[in-house]
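Multiple structures are listed underneath, in structure tokens.
Both complexes below contain chain A, partnered by chain B and then by chain C.
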Partner chain A sequence: MPRRLLGLLLVLPALAVIVLLFILPLVMSAVGAFEVEGAFGWGNFAKTFDLYTKDIVFSVVIIALSTGLIGIASIAIGGYLTLGEHPVAVAILRFLYRWPMFIPFIVVGQILRTFLAKNGMMNNTFISFGLLTPIEAQSFLDWRGIVIAFVWKQTPFVALLVAGAMASVNRDTIEAARNLGASRLRVLIEILVPQVAMTLTVGLILSFVTMMSVLSVPLMINAQSPTMLTADIAFRVNSYGDYGVANALGLVSLVLASSVAWIYLRASLKERA
Partner chain B sequence: MTASIETVRRNPLAALWWVPRGIVFGLMAFFIFGPLFNMLLWTVAEKWYFPYSFPLEYGFGSWAKVFAPRGGALESLTNSLIVALLTVVVSLLLAIPAGYALARLKLPLRGLILLAFLIPQAFPNLTVYVNVARIFYEIGLNGTIPGVVLVHVSHGLVYAVWIATAAFSAIDVELEQAARNIGAGAMRTFLDVTLPLAAPGLMASAIFVFLESLDEFTGSYFVGAPDVNMLPLLLYTAGAGGNYQIASITALLLLVPSLVFMAVVERFLKADVLSRVGH
Partner chain C sequence: MERGGFLELRGVASRYGSTQVLADIDLSISKGEFVALLGSSGCGKTTLLRLLAGFISPSAGEVRVGHRDVTHLPPDKRGMALVFQSYALWPHMTAAQNIGYGLKLKGVSRTEIATRVAAMQSLLGLDGLEARKPSALSGGQRQRVALGRALAVDPEILLLDEPLSNLDARIRLTVRHELRALQKRLGITAIHVTHDREEAMVMADRIVILNAGKIAQQGTPEEVYNRPASAFVAAFMGAENVIHLDGVRDGGQFVIAEGAANAKASVPLLDRPLTSGPVEARFRPETARLLTEGEVAAVGSGITFRGEVAAVSYPGGHWRHMVRLGQTEIMADGTQAFEPGARVAVHVPAEALFLFNASANEPASTVSRTTPGKVYA
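Moving on to the complex of A and B:
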């Protein structure tokens, strides 16, 4: 048997699973979004934008804000791991920052729900340190809770990628800049970040898409209106069996995610040209 | 270490840096371990209500409730483990031939094939699961363990295939050629030389697939519930019903394997394999 054919034959079963269980349903959802009672039309989208425009904007703002915060936090962590001068401090940070990465989203939702509640541990600790009075204590289980959950869970992953990329940046440039009197912050912003920009973007895009598809966090932290698109899709299917609008909402989130990936592809093509 | 001692000598005030460091690290530790500690408290809280910062009574009453025959946790735990193990077996059966082909044989469009396995991770997958549930409903797979396994396989395959490919390509081709030269057949060479050498990498991919399956919520929610109960679903329903003790115990059950496996995964995933992932 020719080796090419053998290779394809070995890959085929695995590829078939992806095609049948992911690509086919994805196409179904795109087609289903335009299907209204057996005919094709824009009806589902009219209904979607009529009912859920607020939630679409809410989702985009929440996820964009979370992505921005994750970016800043992971640059700070990666930067300190690379430029930090005290080995003990660097070791402490290296030990600390990774923990949330290993924790499943559903668990993140549960533990932050108890932590951020009005009488949760965060407020209780602030009250016992005298930073807050019991009357001022408020629940963070709204949009802020979702942002905190996303940043909490996704920062270690992006920071791990960024720190890895920063570690492979040529040390000589950094030493030279330091010897010429550049502060560590300046070295970070002007030398390290530009050189790891691609890794950072990849990490942030993967996080963006992950956050677009997480259902458990919005369900557990903030299921009231306005909420995330994922919670709306689940509600549409479970309460109304309305696959048309659910698919239209799915297509909207797909377009949002792909437009972010598109920005990345254009940037990477420009860099190579 | 020498660098830091020199810094301290140069600048006696350097120790003062521990003040801002302590504050930042302390806050980080509070926000990272606080929620986890809070969860641990809930698992042993018998009585805990506003405005008390700590439980009023401790005990293992909720544990007894969770593990009672009617508690549902044992059923969910068994289902979760069965599904996760089957997902690992199916994923590896698919990924070992695919990974070997991608690593060793000349394939047209190799890059595109590798990328195809990333698709389930790179698109918002909620609407996909909704439609998978519809297909499965038609063919009688909805609400069955094989149905849930198939959904988990499609999602975990990227780890299985990518790491298996990296594990196979990290093996020296000359070892295989040596076996062939002394008369071993292709299959014999693969089973006696290639597969044992790739075993640590394959073990690492099995761990990733196992965890991915154990923690998966969305697919199980649409395809499995309410017939196949799994731990994440139990956690969700207990939490939604305001039963924080049971939700926290379930959360702990999900958390422990993740932490244990992640602690040992570095032993299986060596740098030579790691640097080849995705290439």
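Moving on to the complex of A and C:
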């Protein structure tokens, strides 16, 4: 059937790219995770959980915390853009909130390094205002720095999605609630957020998966133990050439990311039912 | 108009940017009255309703409810509940949650909410639907949930923004009567915005006709229908035939001079503030009588036009004729059909002929369906 063949031919380049650059490497590294000195086994995983259990927990906690904060911040931003009654403040916020989205993670890492360090800009400002003495100043370049970097970088993205969804919510549903006596906060929590819940979830899941894969931020801000899984993978490969354990760590990340995606799929199925 | 009504608007005006949407709105509504705000789209009727609800502030004037100035109060402090054209039901809540939300906001206890919601459901015939989300309800059911949500908080004033326009024609007719009966039973003051003349006529105690942000006329349905105060109101209430004539005041009569298509006639002046000179005459197609030219002598007081049937159609119940009078065309209904080309006389009884001095005719041209090139007397 020449028509069918032609169709296949047209799809082939795209298919080849996906198979060669995405599926094949994924399968190879998944297989590699079970390969110990030429034989298959659980060795890499034993080593992974032996050495890095703490880091796995650390990564999950940091990213979950960041995701939660991103959610709250983007609801606040989207909510103010939709319900704010001060047109100038709304315009300023609308202009400002997107900027961090265009700054790469590595630059975010660099900016926050100079900002959050013990003698960084933040502490210097506090000290010059007399809010802090130089002795009390402490470095934020640890887990807190990672959370701040993630929230700072990812909030605009989720806020963009959420604000867009909120803008397309039928304004009458907001006014109906105001008419019956709901405060703006209640409108936000009880009327607006439930109507954009799906978009919010999608944004947060995409953020979660993005944060799972960021290497530069933990390397630049948190050069200590425990650290994020990405830093561990880089370390296994660069310092030991140990692709086996690196692959196993990668597979653990994949499982974590997929579990979140699974929550999303279940929710979207339930919504359609 | 009575002084000191329950809901009072004094000199209310509203602007949107540089556009004056409403101007000089003075309105007094008594407790328990059903008032229809009637007007074509863009006349400011929805703006007036939103202004009453407190979603927009007037640029001038004041709004009072029971002698309390509510002009700048937030929407929830006014004792008014609004039913939206789109219903604006919250899609993530069930019918019962939608109805009970206003009570929840007021801090009413859970059991009390359940009782009141159940009572509201049986009042509106929504029993058994409490667990359904709005997406699983029909248009009529959604409309009733929206109404229930507004009524559950026991408002003093119910504001209705074209609540029937999304219903299909047959349901709309029954809902009209249901809504009116409910309003009477609850004794609630209702303000109903609509562009549907018949809906306003059937439901309201009083009709307020808005034109270009101003009140064109207010009165009972019978008053605005039979005694329109301006050419605009006459046209809006269905008197779309327009003819330009000349006349003189003569005691209690207004004497219309013989024109190209009409014989000399005289109609009682009644209370009309007509002055001698060119006038615009308006009448409804159904009030005209179509006669053969020979029958003219037999008819009573009124005016008779002579013309030629240009077209005829049957919209149901009667034959509708397009009659050419010189360069003007008018519509006239008859129980029997005249062939196109037939010479006919169109008789309009005095009480069905609305006369206005020609200077007052500007807004009317937007609604009248007369052909261009009409004769200006």
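Everything below uses one rule, namely that the second predicted complex is superposed on the first by the 264 of 273 C-alpha atoms of A that agree within 3 Å, B and C clash if a C-alpha of one lies under 4 Å from a C-alpha of the other, contacts with A are read in each partner's own complex, and residues count from 1 in each chain.
Note that a residue touches a chain if its C-beta (ideal position, glycine included) is under 8 Å from a C-beta of that chain, and two chains touch if they have at least 3 such contacts.
Since the model is a prediction, treat every value here as computed from it, not as a measurement.
Room for both chain B and chain C is found when the two structures are superposed via chain A, with no clash between them.
With both structures placed on the common chain, the touch criterion links A:97 to chain B but leaves chain C unconnected. By the touch criterion stated above, A:162 is placed in contact with neither chain B nor chain C.
Once chain A of one complex is fitted onto chain A of the other, the partner contacts of A:234 are limited to chain B, with no touch recorded for chain C. Of the two partner chains, chain C is the only one touched by A:173; chain B is not. Ranking chain B and chain C by residues of chain A touched puts B first. In the superposed pair of complexes, A:204 makes contact with neither chain B nor chain C. Of the two partner chains, chain C is the only one touched by A:182; chain B is not. Remark: least CA distance from chain B to chain C after fitting both complexes onto chain A is 5 Å. The intersection of chain A residues touching chain B with those touching chain C, taken from the two complexes, is empty. Of all the residues in chain B, the ones that touch chain A in their complex are 1, 3-4, 7, 17-18, 21, 25, 28-39, 41-42, 50-51, 53, 94-95, 97-98, 100-102, 105-108, 113, 116-117, 119-132, 134-135, 150-151, 153-154, 157, 161, 214-215, 217-218, 221-222, 232, 235-236, 239-240, 244, 247-248, 251, 254-255, 258-259, 262.
Listing the residues of chain C that touch chain A in their complex gives 53-55, 74-76, 80-82, 84-92, 101-102, 105-106, 149, 153. Listed in rising order, the residues of chain A touching chain B in the complex are 3-4, 6-8, 10-11, 13-15, 17-18, 21-26, 28-29, 32, 85-89, 92-93, 96-97, 99-107, 109-115, 118-122, 124-125, 127-128, 134, 152, 206, 209-210, 212-216, 219-220, 230, 233-234, 237, 243, 246-247, 249-251, 253-254, 257, 261. Within the complex, the chain A residues that touch chain C are 170, 172-173, 175-182, 186, 190-191, 194-195, 197.
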